[in-house]
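The two complexes that follow have subunit A in common; it is paired with subunit B in the first and with subunit C in the second.
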Partner chain A sequence: MQSSAALEYDYSVAKLYMWTAVIFGIVGMTIGVLIASQLAFPELNYLFGEYGTFSRLRPLHTNVVIYGFTVSGIFATFYYSAQRVLKVSMGESKLLNGLGYLQFILYLIAATGMVISELMGITASKEYAQMEWPLDVLIVVIWVLWGVIMFGLIGMRREKALYISMWYYIACFLGVAMLYLFNNMEVPTIFFSGGVGAWYHSVSMYAGTNDALVQWWWGHNAVAFVFTVPIIAIIYYFLPKESGQAVYSYKLSLLSFWGLMFVYLWAGGHHLLWSTVPDWMQTMGSVFSVVLILPSWGSAINMLLTMKGEWNQLTENPLIKFMVLASTFYMLSTLEGPIQAVKSVNAIAHFTDWIPGHVHDGVLGWVAFMIFAALMHMATRAFKREIYSKSLLEAQFWIQTTGVVLYFTSMWIAGITQGMMWRAVDEYGNLMYSFIDTVSVLHPYYTIRAIGGLLYLIGMFMFAYNFLMTATAGRKLEQEPQFRSPMA
Partner chain B sequence: MTLTEMQGYAFFFLTVLLVVILYGYILHLYRSEKKGERDYEKYGKMALDDELHDRPVEANPKATNEKKES
Partner chain C sequence: MFHWLEKNPFLFSVGVFIVIAFAGLVEILPNFAEASRPIKGLKPYTVLQLAGKEVYKKDNCIACHSQLIRPFKSETDRYGKYSLSGEYAYDRPFLWGSKRTGPDLHRVGNYRTPDWHANHMWNPKSVVPDSIMPAYKHQFKNVADLATAYAEAVTVKKVFNTPYGDEIQPGKAAFEKYYKTIALPEAMKIAKAMKNKDVLAMVQQGKIPEVVALVAYLERLK
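Take a look at the complex of A and B:
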């Protein structure tokens, strides 16, 4: 380690990921609005030939918002906040800083490869695991590098204890590593087919029900370890820091952490209710999903109580607004999920639009709101500038909140309508409706969903502009703000 | 007893064991705070006092810590 009076935190890698988060946010959400519009107006499928069809763009949308926007946000906040809670600068180790840059370059290559390959229709055909084996290998390297940097920083730390956010980042690292490896066990066909077929093509090592089980063990835990665990890491650092209030109960944060770790891994079976997996596994998936409310609400309530006595900040500071609403959406989403995992409810909800509705109140309301707030908080410190426009941030908040509400309410109605219509039978036991009947009934809700998505996208553009202007034209700050981020 | 049944029982008892461990952990947290062995709430300060020159909540004795003396 260097001994230097001028030693300060090094945000160079964090800044790179902040930019990719903004760029991938725009790309992923634009595609999302296009495909939502395609569902309402199918002729929009033919705008760009094969590259513009729903089937091409849907995996691209999910992958870009998950692995582009969210993962960039996670890396950016990690490279920013890990230094601070460990009280060690990336600049103190040339090796770790170099590995940080290397990780970013490889990440950019992998992300570009992901976008191009999926646009070309090259896919492993597993949900949230569409990338083919060469990219999978690259992602393992990126992830290992992150682990080396994380534990390298931990090894150099000046704080003896690890702050709760660090526990969550570690869990994200370990959880994804384990799940990703097992779900992406695949055989590159070229090596076993005598040179027949494309070099990048592979088939899963598992088949049938086993494949489905491993896939949803991964699929659900991708939600756990990408959309939940690291986002809790973000809120545990950024909400206390921005508000100047220490976390309400540190003990509750520890308990919720271990509770979440214990419960989450078992809940994935709820994606396979009423399928060919053993009945006890389905029941286990349901039961653990319901139990999952406890640790999830433990974290969310802990965050809301952190604002105790300081609720005035909610009206004064838009970043606090984003984070408090994110926490509230986390509570909504983690109550809704268990309800959907109850077998009788699932019999209606499964395969309907209620499911993407649920996913989006979580990702738009919780994940993205937290990333927006964290990016702006970091921008003031990393670029040493005031936030360019408070009123733009306020407007973004309300436009996007309206968008999320339109999205999930329309999908609630659409999903339940769909589920009921699929099950409706006449007095002789014949199905009353054909599939197209449901499609015509759902058209207005699909349109509302597309409008909700468009509002959210408009907010994303407002954020990107505000972020860009903050980084380049915001008023220069003489010294780093201690808590509340200054804004014009 | 079939393998599936055995898996079911094993899972049940594992769940019970983990629940006991989790509740034991709650007891441990509150008991060690009550006995004055550890103050968990002070760790919340780590997010607030996070400047490089801030005094660590609990200094890491292994850190080569030249600049912390000031």
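Take a look at the complex of A and C:
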């Protein structure tokens, strides 16, 4: 601790990822607004021929916002905050810093490959694991490099005890490594076919029900270890740092961490309720989903209580606004998820728009808000400049919050309406609606959702402009601010 | 309380790994062998059907269509018998989907015909006026990748013992023989049933458009 005053942190790799987070954020959310609009106005499917249909673009949207925007945000915050909580600079090891650059370059190559291959329709078709085997291999390399850098920094650390954020980054690293490897077990066909067929094609190691189980063990836990665990790492570092408050309870963070680790993995089965996987597994998925409220709310409450006695900051500092609302959305989302995981509710909710609604109150309200706040906080330190515009941040906050609310409320109504119509019967027990009736009825909700998404995208552009101006034209700072980020 | 653990990154990481790996073992392993078994009489996909499955993946039908009929009366009334685990034994990957913007397709072969599909893929509104599904006209021009589908059949036969006959062998010569003697005639049957002149003309020239493979696959879903 005592030597920290002399330590000059090296943010060069962190900065690179900060820029890619902004760029992928714009790209991914623009595609998102386009595909949301396509559902309301199908003519929009024909803008780019074969490459512009909803079906082709949908995985591109999810992959760019997950692996582009979110993962960039995770890497940026890691390369920024790991040095600081471990009290060691990336600059102290040429090797680690070099590996950091290498990791970034490989990441860019993989991301480009991902975008191109998905536009072309080259896909393994498993949700959030669409990339074919050559890209999977590249991703394993990127991930291993990250592990080497993480444990390299840990090996060099001056602060002996790992801070809470580091627990979560370690868990993110291990969890994704395990899940990604097992879910992407696939056999490249070119090795067996005697030179026939495409070299990049592969076939899954698992079939049918087993494939579904492994996929949703992954799919659900990609949410756990990409959208939850590292984002908790981010809030545990940036909220106390920005507010100048100590974390409310160490014991609560301990309980939430180990609770989350143990419980989360069990809950994957809730994606397969009423399917052909065994009943006991479905019930386990349901039960553990409900238990999951405890560790989730534990973290969120711990963060909210960290603001105890300092709630005035909520009105004064837009970054605190983003983070406090993010933890609130985290609570909403982690209550909504377990409700949907109850078998009787799931019978109505599954396959409907309530599911994307649920996903988006989590990712727009929690994940992206945290990343925005962290990026701005880091910008003042990494670029040694004041935040360009406070009022722009405030405006962004309200526009995006309105967007999220429009998004999930419309999708709640759409989902429940459709779920009820699918099962509605007349007095003789015959189905009341043909399928297309249940599609036509959704038009107004799809329109509202597209508007909500558009508002959020507008906020994203405001953020990008604000970030760019902060990095290039913000008032210069003599030294790193300690707590609250200065803004004009 | 746990401070000692937080000072030992190695033990800490081992602890985390055990705690997270546990659930996967308990949930996935016990049923693995049982869930791999096909129902009686299930045949593996023909190469043309596999090529159709690749079109289904390429144009990502899974974004809006499920292949999983849940055991509710409202679903069995609408789509047919509820889905059984063994029906999916040759599905690599599984294509259950997670969203029904359009209807379920697990038994679509029971109640739609090739010419209905031909009209629908060319212009969905021609058969379902309020449809919000995009038209997939490019499937009528693009040639289906039978070679890759064949490679997949060879691979699953070798690696997973999927019960294909002797007609599936590695190598280009074997593929070409298969293409001429088995795949093309199969495609011709589908093309004739689709009642679309351009499609038929293409198959007569020895080229199989994507839509023919796709319809072969959809016809198989029963």
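A few comments on the model shown:
By definition in this document, the second predicted complex is superposed on the first by the 481 of 488 C-alpha atoms of A that agree within 3 Å, B and C clash if a C-alpha of one lies under 4 Å from a C-alpha of the other, contacts with A are read in each partner's own complex, and residues count from 1 in each chain.
The rule is simple: a contact is a pair of C-beta atoms (placed from the backbone, for glycine too) under 8 Å apart; a residue touches a chain by one contact, two chains touch by 3 or more.
Keep in mind that what you see is a predicted model, and the values were worked out from it rather than measured.
In the superposition on chain A, A:S193 makes contact with subunit C only, while subunit B stays out of contact range.
Among subunit B and subunit C, the chain that touches a larger number of residues in subunit A is C. Judged by the touch definition given at the top, the superposed model places A:H271 against subunit C, while subunit B stays out of reach.
Within the superposed three-chain model, A:Y236 lies in touch with subunit B and out of touch with subunit C [touch as defined at top]. In the overlay built on the shared chain, the residue A:G208 is in contact with subunit C alone; subunit B does not reach it. When the two complexes are overlaid on their common chain A, residue A:L255 makes contact with subunit B while staying clear of subunit C. By the touch criterion defined above, A:F48 lies against neither subunit B nor subunit C after alignment on the C-alpha atoms of chain A.
In the superposed pair of complexes, A:K160 makes contact with subunit B and with subunit C alike. Contacts of A:R84 after superposition on the shared chain: subunit B is touched, whereas subunit C is not. Look at A:M284: by the touch rule set out above, it reaches both subunit B and subunit C. Once the two complexes are overlaid on chain A, the subunit A residues touched by subunit B in the first and by subunit C in the second are 160-161, 251, 254, 258, 262, 278, 284. Taken in their complex, subunit B has these residues touching subunit A: 4, 7-8, 11, 18, 22, 25-26, 29-30, 33, 40-48, 50-52, 54, 56-61, 63-68.
Interface residues of subunit A, counted against subunit B in their complex, comprise 1, 3-5, 7-9, 84-85, 87-89, 156-161, 163-165, 236-237, 240-241, 244, 246-247, 249-251, 254-255, 258-259, 262, 278, 280, 284, 480, 483. Interface of subunit C with subunit A (complex): residues 1-3, 6-7, 9, 12-13, 16-17, 19-24, 27-28, 31-32, 35-36, 57-64, 66, 68, 70-72, 74-75, 77-78, 83-103, 128, 130-136, 138, 142, 145, 147-152, 154-156, 158-160, 170-172, 174-175. Per the touch definition, subunit A reaches subunit C in the complex via residues 38-39, 42, 45-46, 49-50, 53-56, 58-59, 121-127, 151, 154, 160-162, 167, 170-171, 174-175, 178, 182, 187, 189-198, 201, 203-215, 217, 251, 254, 258, 261-262, 264-266, 268-269, 271, 274-278, 281, 284, 288, 347, 350-353, 355-356, 422-425, 430-431, 435-436, 439-440.
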